[in-house]
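Dropping the structures in below, format is structure tokens.
In what follows, chain A forms one complex with chain B and a second complex with chain C.
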Partner chain A sequence: MRPRSRFSRRYGHLWFVLPGLVVFATFLIYPMAKAFQLSFIDWSGLGASNGFVGLANYREALTSPALYLAAWHNVILFVAILIIQHTLGLFLAVQLNARPRFMEVYRTILFLPVILSLVATGFIWTLMLSPNIGILNPLLEAVGLGFLAGSWLDDPRFALACIVVVQAWNHIGWAVVLYLSGLQNVPQELREAAQIDGANAWQRFWAVVFPLLAPSFTALTVITFIQNIRVFDVVYVLTGPVGAPAGRTDVLGTLVYRTAFGAAGATTADVRLSYAVTLAVIMFVAMLVCISLLVRVLRRREIEA
Partner chain B sequence: MKPRKVEAAARHFLLCAASLVVLVPIAYVVIASFKTLPDFFANPYGFPEEWAWQNYVEAWKQARIATTLTNSVIVTAASVLASTFLAALIGYGLARKDKPLALALYTLFISGMLVPVQMIVLPLFVVLRELGVLGTHLALILPYTALGLPMGVLILTPLIATLPRDLADAARIDGAGEWQIFRRVVLPMLRPGLASVMILNGVWMWNEFFIPLVLAFRPSTQTLPVGIMSFVGTYSTEWGLIFASVVMATAPAVIAYVAMSRQFVAGLTAGAVKG
Partner chain C sequence: MATKLARRAVLASALLPTAFAGRARAQSGITLSLWHNHPEWKDRVIAILNKFEAAHPGVHIDLQEMPSSVYVPRMNTALAAGEAPDIIALNAGPNMQSAADAGYVLDLTNRIDVSMLTPPALAASAPRGKIFGVPIMGAYSVALYCNRDIFAKYELTPPTTWDQLIATAKTLKSKGVAPMMIPAQDGTIPGFLYMLIGSSILGEEGVAALRKGSRKLTDPDLVQIAVLLKEAFSYAQPGAIGTAYTEGKALFAMGRAGMMEAGSADYAGFTSTNPKANFTVVPFPAVPGGKPSTVTGMQGVFGVNSRSKHPEEAIAFLQWMLSKPAAQMVIDTITLSTSREVAPSDNRVMKEMVDATKFNDVRVWFEYPEIGKVFPTVAQKAQALFLGELSPEAFSKLLQDTVDPSAT
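Presenting the complex of A and B:
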């Protein structure tokens, strides 16, 4: 055995951490610190900065209706997708857990959209929903609901609902596989014991099985939260960087992007890099607070269960 | 036995319906990618009159798929390998929580998962420009590698901690250094975990849109999703070409998934449950 100095015995393991830490610090921690710094200056991103402005960016952001409207759309998306995941997703997982024939085929198909990029998903649904060449409208006409047909993505009443549908289509696979793996971990003896005690199928599920799915419930809720607060690609592809029509689908992701890089119809005065970074910092802090609350509540629920 | 049969039939009916909801839009896009422009209006809902294979030839050229596909492969492969390897090293270094700083560093890496890309991508632009790598593949590989670390560390560290210690101890008595133990003892036992991390990070790196939209602004370094988007910007009415390019951009990931769906599902679920 090679002799090792006291120092290397105590700190030797850190050599393994060092290369990764350098990359992590340079491309994640430093840009974050830089983001905080940028949020205190006034800079359009081009040319010279107008110098330190203190909390002015924050004051402007926190009093701007655009921020709250975008955040509100993120919340609507999150709640809608959450409900779909925990009902339809759970339901489909329960069906798969009964191990029907072709179970693997069904699972492979239902998880497939998760693999597709959100850009591809956006195009798939642009085609489906298009008033000219889509198939949703003729489908509605075929079942006698022709009066509902419309140009879905341009209609302020339906545009956000379209985003929900597309986002749900892309993400339902997560709910299916997460709940399925949770269901497969429920010991069969527990269900049998409950059956002997006279519980019917419905009672067995809600009293015995569902509480044991708490880890799946937690994981799904947290990833749904992150996915829908960060959402950008789907909205960008379906309704563009201004959250058309009339800002009805504007979310935090598009708001930040538009503020930093502009969009059709924007003037150079609208493009303000340091203000965009401030919006992103606010988004990060809000997410951090919500996630820690969410995890605390959900973990407590897991322990009680 | 009768009710059970009814139940099974109902179950198949429901699962088939759900599968159709997934498959019909995809199939419809594939069919649309073979249509000529007049065909879209003459015959919007059916199969094309004549299958327009030239859509693919055209789109391949016009959307510069050869370039963006190569870029996507290079960037994803390099980032996945670098990120997974660095995460395994970190995991080995931090696996023993009683060592100084191990828990603090572990927490630091994990919390990287909460950082929204919108917040760091703008400062990253400045950092990469200072390093002189803007406009090269490294401008994507370096940030992807860093952003892949939290998930890698989260999955690999606990796995390494549960590996049997006696093997490493035996190697140590035989005079192996820590590096050799990592390479010859730990890495081979870690294979399933490494596969999970590679799939999980590979899928998002392949599909990532926002980061390359900002950082790979030069056409020569664009990846597939951004390339498709900028192609659509210029040819917004050439529906057949657009869908042909979408199909080509999506096919590699779908083929890999169908070939290894079990590994994909297991890998992705492992990451999500941990997270």
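Presenting the complex of A and C:
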């Protein structure tokens, strides 16, 4: 048998990486490079392009109030849902970790929205919230809270809150599963040692258990960030392409979609594909920076924990 | 070993007929691909295509229906990638012109007979004198639908003037009925309402002046369009800004409002939702100083992909679709005709729609390059007008800023 060459010994393992790398480069790196290239031209998406425009698309995007308003809505969604995930999600996980009867049933019910189509659940929520045919307002009236009934998705005060509720309901399963797996990995001996040292239940949780949930916290925070910065489907189904009412629920996803494919079904006279791609590139870079910082900070916290 | 061989033989024999069938079909027939953006019409369109296939043995039309929200991005992407279907349907006006400029569609001038088309249909087919697409699925007109049952119950008659419209709306509101269905979530209906009110004031000549730049949407009498649009909105159903277009249509079909601005193309959807839906159609009421109005657009124009391997068959299909029997099927089952020769055979509502267009019918604004962006801007900004965040003057200025008299 011929001895392996030095090159083969050193780099032979790269053959195993190659198939994945080819797929990654074809379906991710190449389209991204193409998108980057598109952001420097003026093209509606149909027909011939109007040629190279340099940084004009970037200049326009970065001075557009619509971009910052949409990004601000994404941030609100992220923070609100992060709080819900880390409080309600953790609370539910702790309850399930106590192994109640029918634990599997509860866990399945809580995780079910995660695997359901966001478009389908969005439609169901739209129908439930509708002031014309929805069940929420009649329900409120039935329990004597009729004064709270309203046009939920129509009202600038409540529309974004409705998105938060639906998005949180859709994703709470992630928090429960991640925290539950973290809780199940906390050694029982540590809890018992803390108990022997005189720590009460609350102290045991905060001083012993919670620091060991740092990896779950990190994973959940990053997942929540990604889910809420790139959110599109739920918002599109609930409040439409212009982020009704009057842009109060407009997010980066709907802004990019509307710019690329138009806001009104009857015509596409307003579409600007290359500008939409520019918005998407800015969104990508911003996410990359934020996630890098987020992961760095959270990893440090994990090590300290 | 013998068992393995026997198993392979059985599998091969099972696959053989399938392989030959596929080959036989590929050799004997031609398949033309066609994408269309009205899934709710699928059965009706297939019935028409079946007639074509019966008249043209060996040619099969492979229809793919998809909603408009999916259709536009998919078609644009497919055109750019060179993977569009043989028959390409696009919006008349700027869209088809862009596709023609990019060489995506064949020049059909002198290759297709369009002598039967109405002047607006012909103008939509040949905006710069050359034909790149023809309106085979007919045209749509937009007017005012009134629910006959609700009107009969409260002894109301369809309004013909703006004052009557408001009086009718007030009566309905006092009876606890939503006067108007205005789904404003995606801006389509506010966009059409704006065009109807504007067309009532301007007429076709005024729209031509708007295109040339001699009239402006910021002119005091045209700022009134925004004022009246906002007034109409105050009689919309609860939660109008949160109501999607499709939901609004379904609610209206189920009798949840007295009136709705809607098109001939919506009628099929209304009756699919509620076969007992009982409507009458009238022109949109004349606003002060204006005339009753309707707006008419093409239900897309259909061209032939310049990369199609079967251009002659595709042209033959388009020509057949413009023929009287096909146009009759389109008008009887789907929408309005683009040919003067064809009238609805047995449909009172469509006949009323045809009659409505005889007063002051204006072509939809977004088929004109110069004012093509007014409609999508209304769609995006109408909610701000309704919520009082934009004054009618500021709203009108936003719209006027999109007008480009130099665009062709």
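Everything that follows uses one rule, which is that the second predicted complex is superposed on the first by the 280 of 305 C-alpha atoms of A that agree within 3 Å, B and C clash if a C-alpha of one lies under 4 Å from a C-alpha of the other, contacts with A are read in each partner's own complex, and residues count from 1 in each chain.
Quick note on the criterion: a contact is a pair of C-beta atoms (placed from the backbone, for glycine too) under 8 Å apart; a residue touches a chain by one contact, two chains touch by 3 or more.
Only a predicted model underlies this, so the values are computations on that prediction, with no experimental measurement involved.
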Open item on the list: So in the superposed three-chain picture, is A:T108 touching just chain B, just chain C, both, or none of them (first/second/both/neither)?
Closed with: first
- [ ] Could you look at A:A246 and tell me whether it touches chain B, chain C, both or neither (first, second, both, neither)?
- [x] second
Open item on the list: By the touch definition at the top of the document, which applies to A:F261: first (chain B), second (chain C), both, or neither?
Closed with: both
Open item on the list: In the overlaid three-chain picture, which partner chain does A:W174 touch, first (chain B) or second (chain C), both, or neither?
Closed with: first
Open item on the list: Between chain B and chain C, whom does A:S151 touch in the aligned arrangement: first, second, both, or neither?
Closed with: second
Task: Touched partner set for A:N132, first chain B, second chain C, both or neither - done: both
Open item on the list: On the A-aligned overlay, A:A159 touches which partner chain: chain B = first, chain C = second, or both, or neither?
Closed with: second
- [ ] Using the touch definition from the top, say if A:P65 reaches chain B (first), chain C (second), both or neither.
- [x] neither
- [ ] Have a look and say if chain B or chain C is in touch with more residues of chain A.
- [x] B
Open item on the list: Is A:H13 touching anything from chain B or chain C once the two structures are fitted on A? First, second, both or neither.
Closed with: first
Open item on the list: I'd like to check the shared interface: which positions of chain A are touched by both chain B and chain C across the two complexes?
Closed with: 45, 132-133, 260-261, 273
Task: chain A residues within the chain C interface of the complex - done: 44-48, 126, 129-133, 151-154, 156, 159, 239-242, 244-247, 258, 260-271, 273
Task: Residues on chain A engaged by chain B in the complex (per definition of touch) - done: 1-2, 10-17, 19-21, 23-24, 26-28, 30-32, 34-35, 38, 45, 92, 95-96, 98, 100-101, 104, 106-120, 123-125, 127-128, 132-133, 135, 138, 169, 174, 177-178, 181, 215-216, 219-220, 222-223, 226, 229-230, 232-233, 236-237, 252-253, 256-257, 260-261, 273, 276-277, 280-281, 283-284, 287-288, 291
Open item on the list: Looking at the complex, which residues from chain C come into contact with chain A?
Closed with: 68-69, 72-73, 76, 79-80, 90-91, 93-95, 97-99, 101-102, 104, 178, 184-188, 191-192, 237-245, 247, 251, 256, 297, 364, 366, 372-373, 375-377, 379-380, 383-384, 386-387, 389
- [ ] Quick one: which bits of chain B touch chain A in the complex? Just the residue numbers, please.
- [x] 8, 11-12, 14-15, 18-19, 21-23, 25-26, 28-29, 32, 40-41, 44-45, 86-87, 89-90, 92-94, 96, 99-102, 105, 109, 112, 114-124, 126-127, 142-143, 145-147, 149, 153, 172-173, 175, 177-178, 182, 203, 206-207, 209-210, 214, 224-225, 228-229, 232, 239, 242-243, 246, 249-250, 253-254, 257-258, 261-262, 264-265, 268-269, 272-273, 275
